[in-house]
Amino acid sequence: MNISLPRRVVAEFLGTAFLVATVIGSGVMADRLANGNVALALLANTLATGAILVALILAFGQISGAHLNPVVTLMDALEKGLPWTETPYYVLAQVLGGMSGAVIAHLMFSLPAISLSHHARSAPPQVFSEFVATFGLVCVIWGCSRLRCNAVAFGVGAYITAAYWFTASTSFANPAVTIARCVSDTFAGIRPVDVPWFVFAQFLGGFAATMIFRWLMPSLQVRAKEVLLSHDLE
Amino acid sequence: MNISLPRRVVAEFLGTAFLVATVIGSGVMADRLANGNVALALLANTLATGAILVALILAFGQISGAHLNPVVTLMDALEKGLPWTETPYYVLAQVLGGMSGAVIAHLMFSLPAISLSHHARSAPPQVFSEFVATFGLVCVIWGCSRLRCNAVAFGVGAYITAAYWFTASTSFANPAVTIARCVSDTFAGIRPVDVPWFVFAQFLGGFAATMIFRWLMPSLQVRAKEVLLSHDLE
Amino acid sequence: MNISLPRRVVAEFLGTAFLVATVIGSGVMADRLANGNVALALLANTLATGAILVALILAFGQISGAHLNPVVTLMDALEKGLPWTETPYYVLAQVLGGMSGAVIAHLMFSLPAISLSHHARSAPPQVFSEFVATFGLVCVIWGCSRLRCNAVAFGVGAYITAAYWFTASTSFANPAVTIARCVSDTFAGIRPVDVPWFVFAQFLGGFAATMIFRWLMPSLQVRAKEVLLSHDLE
Amino acid sequence: MNISLPRRVVAEFLGTAFLVATVIGSGVMADRLANGNVALALLANTLATGAILVALILAFGQISGAHLNPVVTLMDALEKGLPWTETPYYVLAQVLGGMSGAVIAHLMFSLPAISLSHHARSAPPQVFSEFVATFGLVCVIWGCSRLRCNAVAFGVGAYITAAYWFTASTSFANPAVTIARCVSDTFAGIRPVDVPWFVFAQFLGGFAATMIFRWLMPSLQVRAKEVLLSHDLE
C-alpha cells in the first residue's frame, strides 16, 4: 500500500462529494427544466449519475480504490482488502464528503445550504429495492475486480444507470449518499426517518453479495486487495 | 475449465435474473413516469437494458461466460465451446433465473408476483424481427470474441441498445428473457401464445449467424471456448 | 492479409446492411412512437446509430476493417492500406449491403420493400454539413488508428452520436448509407435528386481530412494497413 | 517530444474547432427541434458534447495531448508537462479554433457567421459553478493520467456529460469554449460581459485541483509529460 492513508481519505472525500453533488445537482436541474415530465427528469438524473461514476472511479480508483460507499468499504475490509483500522477513516470521509457535496450542489443552485427532505421513501418495496440494488452493485464490483481496462469504472457506471430504472427506489445503494440526500429537500431527497431502513437494506444486500461471491470466486480474498488499490497500473 | 459447473450455473442464474429484472422493472418504471409518451418510455427501457448488459457481462463473464441466453449457450456448444452435457444446466439456470428476475421486479414495484401478459406480439414482421435481432446478436458475439478489453460486454450492450429501436419487436433475442416476459403483464410483456414463434425465430437467427461466422472466421471453434471462459484474464 | 477477400467482402456487406437497417429502422420506430416530438425521435435515432457502430466495428473490424463506408475504403486505398484492386469489391458490397439493410428494415416495419424518399435535403448548408461531417469522421478514424483497445469503434460511435446533432444534415457522412436512404420514404430518407451533392461533399471532406492527417501523422501510411486489418489482435 | 510543434498546434486548432462546433451546433439543432422543452434540448446537447469529447481526445490525444482547453494547457505547463514557451501557441490555437468552430456551426445552420450573445450568465452561483466544474475536470484529467486504455478520453467525456447537469452554469469549464460561445447568439451562448468572471473561475478551479493533486499524487510531475503526449502508444 504505497499511498498514504491521509491521501486516500482525501480522495474518498472528494470523490463522494462530487458523486453527491451530481446526484442532487442534476436532480435539481432536471426537475427545473423538465416541466413536470418525471421520466425525462429521471433520464437526465440517470445519465449524469452513471457518467460521473465512470469519471470518478477512473480518476480516484488509483489513489483510494474509489469506494465512495461505506458498504463497499466494509465489504472490502471483510474480504481482507482494506485493513479494519482504516475503515472508520474511509467511512467518515465518505459521509462528510457526501454532506459537503450536498451543500455545494445547493449553493450552485441558490438553495439553502441544508434543508431536511420531505420526500417519503418508506414503502417496503422500496426498502426491498435497496437490498436488490446494493446486492447487484456489490456483485458487479466483485465480478469486475478480476478484469483489466478499468472494468470496475464502466461496470459500476453502467450498473447504476440501469438500477435507477429497474428498482422502485431509484437505487441509492450507498449509505453515505443516502445520508447526504436526507439534507436535501429536492428531487433526489429522502426523509431522515426513512434513512435507517435504506441503510440497513443496503448493508444486508452488500453482505449477501459478498457471501455468494466468496463461494463463486474462491480467489476473492486475493482480489479484494486489488479493489482497494486498483490493478490497472501499468 | 477451472471454475466448477455449480458455480457457473449459479452465475448464469444470477445474471439472467438481473437482466430480466432490468428489462421488466425499467419497463414498469418508465411506463409509470412517462405519461403515455411511449418513445420516452422505450428510451429509458433501452438505456437500462443496454447498460445492465455491459455490467453483467463484465461481472459474470469471467465466471460462466455470461451467456444469459439459451441461444448463445447452444451456439457455443455447437462450436465445441461449452460441453453438450453442461448445456441443460446452463439453459435451466437461465430460464429459472429469468422467471425469478420477473418475480423480483414485480415485488419491487408492488405488482402480483406473476401475471400472464396480454401484450400481443404475433405479427409476422415481429417474428421476422426476432430472426434479424438474434442473427445480429450472435454475429456481434462471435465477432467480438477475438478481441480483448471486454469487447463482448460493450459490443452486446451497444448492439441491444440499437436493436431495441431498429427491430419491430424491440429485440427480445433471448428465449429465457422471452419466457420470463410472458409472466409479466407489463410494458415489457408478451402473450404466452406468441412465445413459441419468437423462440423459434431466435434460434433460427442464432444458427444462421453461427453458420456464416464458421465460414467468415475459420478459427471460430478455437474461439468458442474463450466465449465460455472469457479471454480477458490477465 | 490473412483473411480472404470474399470473407472480407461479405463482412462489409453484413456490416453495412445492419448499419442501414439501424439508421432506417430506428428512424421509423422513433417517428411512430414520438408523436411528432422530433427532438425525441432524433435522440432515439442517434442512440441507436451510435451504438450499432460500436457493435459493428467491434464485431467486423477484425475481419474486414469494418469500413462500412466507401469514403473510408477509398481513403484507405489512397494511403496504401487496401489494395486498389480490392476497392471495387468493398464499395459494391457496401452499396448492396446498404440497400439490403433498407429492405430488411422496411420488411420488419411492414413497409413496402422499397419506396423513393420525398425528404428534401438540398440546401447548401446541408451539403456543407456533409463536408464537415465526413471531414471529422475521417479525422477521427485516422487519429484513432494509432490506439489499441478498440479505440476506432468507440471513437466512430461517439463521433456520429455527436454529428447527428451538430450538423444541419444529421451527418450521413457515408455514400453507401446515403444511397440506401434514398430508397426509404421514411424519417431517415433523402430524395434521390439530393444524393449526388451529398456524396460529392462526403468524398471531398474525407479527402481533405486525409491530406491534413498525412501531414499531421507522418506515419499515416504505415497505419493505413492497420485500419484494414485492425491491430487489436492479441 | 517527437511530434513537431506546428503539427500539435494544428491538432489543438482542429480539435477545439470541432468541440465548439458541437457545443453550439447541437445546441441550435436541439433548440429548434425541442419545441421549448429545455430539458430535452439540454439532454441532446449533453449527449453530443460528451460524445465528441470521447472522439476528439481519442483522435487528437496522440498528436497534441488533446488539451482543447487553455486551463488544461496552463496546468500542464505548471506541472512541467508542456514547455512554457509552447503554451502561447497552444492557447492561441485553442481560442482561434474555438472561434472557427463557432463560425462553422453558424454556417451549417444558416445563421450569421458571428453574432454577440445576449444570454446572461452572471449570477454568482453560476460563477461558483464554473469553479466547481473546472476543479472537477482537472481532477479527472490528473487522476486518469495514470491509466491506460484511453482513460482520459472516457473520463473527460463522462465527466462533462455529468457536469452539464450538476452545475448551474451547464459547465463551460473551458476559456476557449467560453470565448467562442460569446460570439454565438444561440442556445449555448453567453454575453461577452459575463465571460471574464467565467474564465477567472475556471482558472481558479483548475489551479486548486492541480495543487490538491500535487499532494495526492506525488508522481504528478512525472505524469504531466504524459498528458501532453499520451501514454497509450503501444
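The chains carry the letters A, B, C and D, assigned in the order they are written, with residues numbered from 1 in each.
The definition used in the following text is that a contact is a pair of C-beta atoms (placed from the backbone, for glycine too) under 8 Å apart; a residue touches a chain by one contact, two chains touch by 3 or more.
Keep in mind the model is a prediction, meaning the values are calculated, not measured.
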item: Self-contact between copies subunit A and subunit D, residue sets same or different by half; value: different
item: For subunit C placed onto subunit D, the superposition rotation in degrees, Cα atoms, nearest 5; value: 90
item: Computed distance of Cα centres, subunit B from subunit A, in Å; value: 27
item: Inter-chain centre distance, subunit B versus subunit D - centres from mean C-alpha coordinates, in Å; value: 38
item: Residues of subunit D whose C-beta touches two or more other chains; value: 37, 40, 43, 47, 148-149, 154
item: Interchain contacts (touch definition) - all pairs; value: A-B, A-D, B-C, C-D
item: Subunit B partner contacts - residues on subunit C that touch it in the complex; value: 7, 10-11, 14, 18, 21-22, 24-26, 29-30, 33-35, 37, 40-41, 43-45, 47-49, 51-52, 54-56, 58-63, 104-105, 107-110, 148-150, 153-154, 157, 232-234
item: Sites on subunit A touched by subunit B in the complex; value: 37-40, 42-43, 46-47, 50, 123, 125, 128-129, 132, 136, 139-140, 142-144, 146-149, 151, 154-156, 158-159, 161-162, 164-168, 212, 215-217, 231
